[in-house]
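In what follows, chain A forms one complex with chain B and a second complex with chain C.
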Partner chain A sequence: MRLRFVLTRLSLLVVTVLVSSLAIYGAMFLTPGDPATLLVGGSRDPDPAVLAQIHREYHLDDPFIQGYLHWLGNCLQGDFGKSLVYRDSVAGLIGTRAADTLALVTYAAVIVLVTGTVIGTVAALRGGRTETLVTTLTAGAMAVPTFVMAVLLIWLFAVQLPWFPVYGSGEGFAGTLKHLTLPAVALALTWIGYVAQVTRTAVRAELRSEHVETARSRGVPEHAVIRRHVLYNASGPVLAVSGVGIAGVIATAAVAEQAFGTGGLGSLMIEAASKQDMAVVQAVSLIFVVVFVVINTTVDLVSAALDPRVAQKGAR
Partner chain B sequence: MSATPPLLRIDGLGIDLPLDGEPRPIVHRADVVIPEGAAVALVGESGSGKSLTARAVLGLLPAGARLHGDVAFAGESVAGMAPERLRRFRAGEVAMVFQDPRAHINPARSVGDFLIEGLTLTRGVRAADAVRKVTGILREVGIADAERRMRQRPHELSGGLLQRVMIAAALAAEPRLLLADEPTTALDVTTQEEVMAIIAEAREARGLALLFITHDLELAAAVCDRIVVMYAGSTVEELPAGHLRERAAHPYTRALLSSRPSVFEAGADLRSIPGRPLSGFEVPDGCAFSDRCPRVRDRCRSERPAPSAAGDSTAACHFPYTAPAEEAGCHA
Partner chain C sequence: MTSALFARTASKPRAGRPRDRVTLAAGCVVGLFVFLAVCGPLLVPHAPNAVDPLNVHAGPSATHLLGTDDSGRDLLSRLIAGTRASLAAPAVVIAVSTTLGTLLALVAAWFGGWLDRFVSGALDVVFGFPGLIMAVLVAAVFGAGLTAPVVALSIAYLPLITRVVRSAAIKERNLPYVSALQLLGAPTARIWLRHLLPNLGPLVLVQATIGFGYALLDVAAISFLGLGSQPPDPEWGLMVANGAPSILAGAPQQSLYAGLAILLVVVAFNLLGTGLSRRLLGEQA
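Moving on, here comes the complex of A and B:
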């Protein structure tokens, strides 16, 4: 892989995070009124002495750029400020919930990647009725929003068939798994659709490609043709859509967390936003942006390692 | 027919492909015989069915294809081969060089991977031995820095170089018959000559038989012993390469010959054959060429001519030319 490509991607990552952090920080000043009232949270009239203290702590009276750099510097050191609503450090609030979200997102991502690629590949290889069936079902899965799917799943698997708990995040590994299954499935279904469709198309295209004809003309065994030429070459687009899928799961995690009451960063952000707890919203937004960009960069780098032409095009 | 069968005999081959769900004949009747070590050219315009005929030799037809007649390799019917036998046949007895190496070599894998795959995966040759062998063959086809090329990916090589890689891959399999499907069409003119020279040399050194598919009659005559001309899904004439200029009997062959620009006749008008080439499934009841033929008579439109031998050649025509061709003499 070209070193230049890696460096370009990494610097793009840094630039993206910086630009988004600027937007996240700046949003506080775009809202009408004194930013300090947002940081206090709530809509009641706050104490002027508290406001003055916040102005000092958050460097709100400094020029914008200085205040921003100060905030960013603190964030980089893991200090996201204090939530006046929860009366706790933002870092502490995030820490306990990040683990829940990580578990849910990982669970959903595994379901998306495994199910999506497997049924997409099977559909392309088998063709005929299997392919039609998979295409129809995945198109349906893509069309159903997560919150509708959440309600359906609760009704079916928690109320009608009492297989899974309706609420909470559970104790221990088995308990967590049991509690997170329904939210993870609700989150995953839409993205399974996307990953399966793209996998099917990519595998189809490779099956028809000339270089696969060459491999067959040389007597390469069919299983090797599929593995070394069809699946290997299809992995580029599959990887790309998987990255989008995982990012999408993270973005919609809040919906599932709210619907199933599992708690996590997503539901923390929703709560914080409704209570106008700006410090928490900023911190969680920044974390989401970083995770997003890191996932996308990883996908780009792995794609380039698999097919060097990607790196050549990208570096130009 | 002698006691030992020829290396390749394509006998009355017909191929139907499904088009809009209905089987349509793309190849009507192809007859080709290649003795051991001989070079035969299959010449025709695009869509005449020559590439499909070559793929039928490998049993490499699209899904839903229906076959009539027979393709026999050293007396053994290719259509009758069991999957495992067909795989071994493709891996070691016939090799194909395709038209566009850039599309026909996996772009995501290294050149070395492509070259050794034919040996390691099909015959269980150890990777190190396979590398040694293909490195030697790469040098033989004129690639000096073979080790470096093996590590590169296809997009880092020029078209001519990549076609040499394809030829080297075919030779590595030590086949008895090489199928070359317009191997120079995707290349520029100077590279074309080099690639043809490499194929000719390799053939001589190894006693390989060659089925050379091209639309270029003169190139075919220069490289091959015998010429088979194909039109709209049927082989219409078969003759020794040396007789092509003077003794071609089929009006289509003569028309093809006179529609090629000649360096010896500078300033002469370039003739084209009136009408357009037909696909196999558009062919009328009579002779496929009847609509474009300068010698057409009523019989040609109602009755399809069968191939009939005259001396050293065979032509499928009711009213073949018998007099030697003079320059441009075949046009009314």
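Moving on, here comes the complex of A and C:
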């Protein structure tokens, strides 16, 4: 892997996080009024003394850049400020909800990776009717928005067939698994379709390639051809699309959490946004952006390590 | 350059008839919904916000073809009246991001060098910021309503349009006819307006059509989360959310019909986009 590619990707990561954090902090100054009212929670009538205290705590009277650096420095140390709506420190609010989101996202990501790659591979290897069926079903799954899938799953598997509980996130491992199954499936379906389609195309392309023909004509057993020549070579695009799938699951986790009321970082952010509790929204969106960007970068680097041609193309 | 464009499309293999029929059907569905968005309020059988407390969760009947919701409002009228709000917001998103994106792509492709690297780099940064998170952040500042998500999504959709148009514009810019025109002393503005833009037009149209479906989905998702359209607007995403509590009471109509409307429009735009891409850009595009 070329060092230059690694450095380009890592500097893009740092720049993206810095620009995003600047946008997240700066968004608060787009308000026509006093940004401090957003930090109190915009819906209430704030007390002038409280506002003055917030101005001091958040360095709102200092030049913009100083205030930003102060905020970013605090965030890096894990101090995200206080939420006056929830009457708690933002870090504390995040801490109690992060585990729920992590469980949901991991569950959904496992479903996406396993189901997507297996379905895609089987479709490409079997061909014919199986392939047509898989292509149609995955295209359908990709077209249904997560929140529509959520109400559909609630109706089918919680009302018509009372197999799963609908709200809350459950107690213990088995309880959590049971409570998170429907949200994880709703969240995963779009990305299963995506991963399955790319996997199918990649495996199909390898099956038709000349080196596979050669291996077969030399009498290499079919299972070895599939494993060593087809699947191994198709792993690059499959890995790349899996990363896109996981990043997508994280970016849309908020929708599934809100639809099923499982509670987590996403629903915390949405609830805070509707109450205009800016400190919470800033902290949670910063976390989401950082995780999203780190995953995208990791996938790029791993793909480049597997296939050096990616690095040559990517370095421009 | 219409002759060049014609030669290019004519040399590509023609799409088969069944595929053309699918594209035509998708186009008809899109046309129908655009018609409803324009004329819907004149066509509704009932006032979309008229409540009827004695007639909640009613099943389909002659007066209420699709039944009523949790406040006894006519579902069919609400779906029709909601077409306008549901389609107008993504239309603005796509109009803004396509116009700005095409302009950025042309500038980057034409001037190249550091300007191109800056535009591409800036778009990579925007691409690293999930659109939904951006919309929630902006909604927190401006309060709930459709303005904030439309602004945020217009920015979030920029990279999707610009990246594709930029690489096509670079190819186009390097074709011999462009340098020939420059040597003939044609002003840059004329090369852009008369030659580059018309030749990139089909690609821009295809990208905008496919993008519209996704933009509609994102706007509906934000309304579903309670940060977009506000009650009692009959916007589809909001209707899915409004109907959600009734599902447990065994009345899933509102959520399911509104979800179906979203699905139908998204799929129609997607099929229309891929069909157009086959017709205008050839099989491999």
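Keep in mind that, in the parts below, the second predicted complex is superposed on the first by the 314 of 316 C-alpha atoms of A that agree within 3 Å, B and C clash if a C-alpha of one lies under 4 Å from a C-alpha of the other, contacts with A are read in each partner's own complex, and residues count from 1 in each chain.
Everything below uses one rule, namely that a contact is a pair of C-beta atoms (placed from the backbone, for glycine too) under 8 Å apart; a residue touches a chain by one contact, two chains touch by 3 or more.
Since the model is a prediction, treat every value here as computed from it, not as a measurement.
Aligning the two structures on chain A places chain B and chain C side by side, free of any clash.
Of the two partner chains placed by superposition, only chain C is touched by A:A23; chain B is not. By the touch criterion defined above, A:A224 lies against chain B but remains apart from chain C after alignment on the C-alpha atoms of chain A. When the two structures are aligned on the shared chain, A:N296 is found in touch with chain C, with no touch to chain B.
After overlaying the two complexes on the shared chain, residue contacts for A:Q258 are found with chain C alone; chain B is out of touch. Contacts of A:A158 after superposition on the shared chain: chain C is touched, whereas chain B is not. Rounded in steps of 10, the angle chain B-chain A-chain C defined by Cα centres in the superposition reads 80°. When the two complexes are overlaid on their common chain A, residue A:D307 makes contact with chain B while staying clear of chain C.
Once the two structures are superposed, chain B and chain C can be ranked by residues of chain A touched, with C on top.
Closest C-alpha contact of chain B with chain C, superposed model: 13 Å. In the superposition on chain A, the residues of chain A contacted by chain B and by chain C do not overlap at all.
Of all residues in chain B, those touching chain A in their complex are 58, 60, 86-92, 95-96, 98, 100, 103-109, 117-118, 121-122, 153, 155, 169, 173.
Considering their complex, residues 121, 124-125, 128-133, 136-144, 217, 220-221, 224-227, 237, 240-241, 243-244, 247-248, 250, 252, 255-256, 259, 262-263, 266-267, 270 of chain C touch chain A. Residues 12, 15-16, 19-20, 23-24, 27-28, 30-31, 38, 42, 143-148, 151-152, 154-155, 158-159, 166, 250-252, 254-255, 258-259, 269-270, 272-274, 276-278, 281-282, 285, 288-289, 292-293, 296 of chain A are the ones that touch chain C when the two sit in their complex.
Those residues of chain A that touch chain B in the shared complex are 209-211, 213-221, 224, 228-229, 232-233, 236, 306-309, 312.
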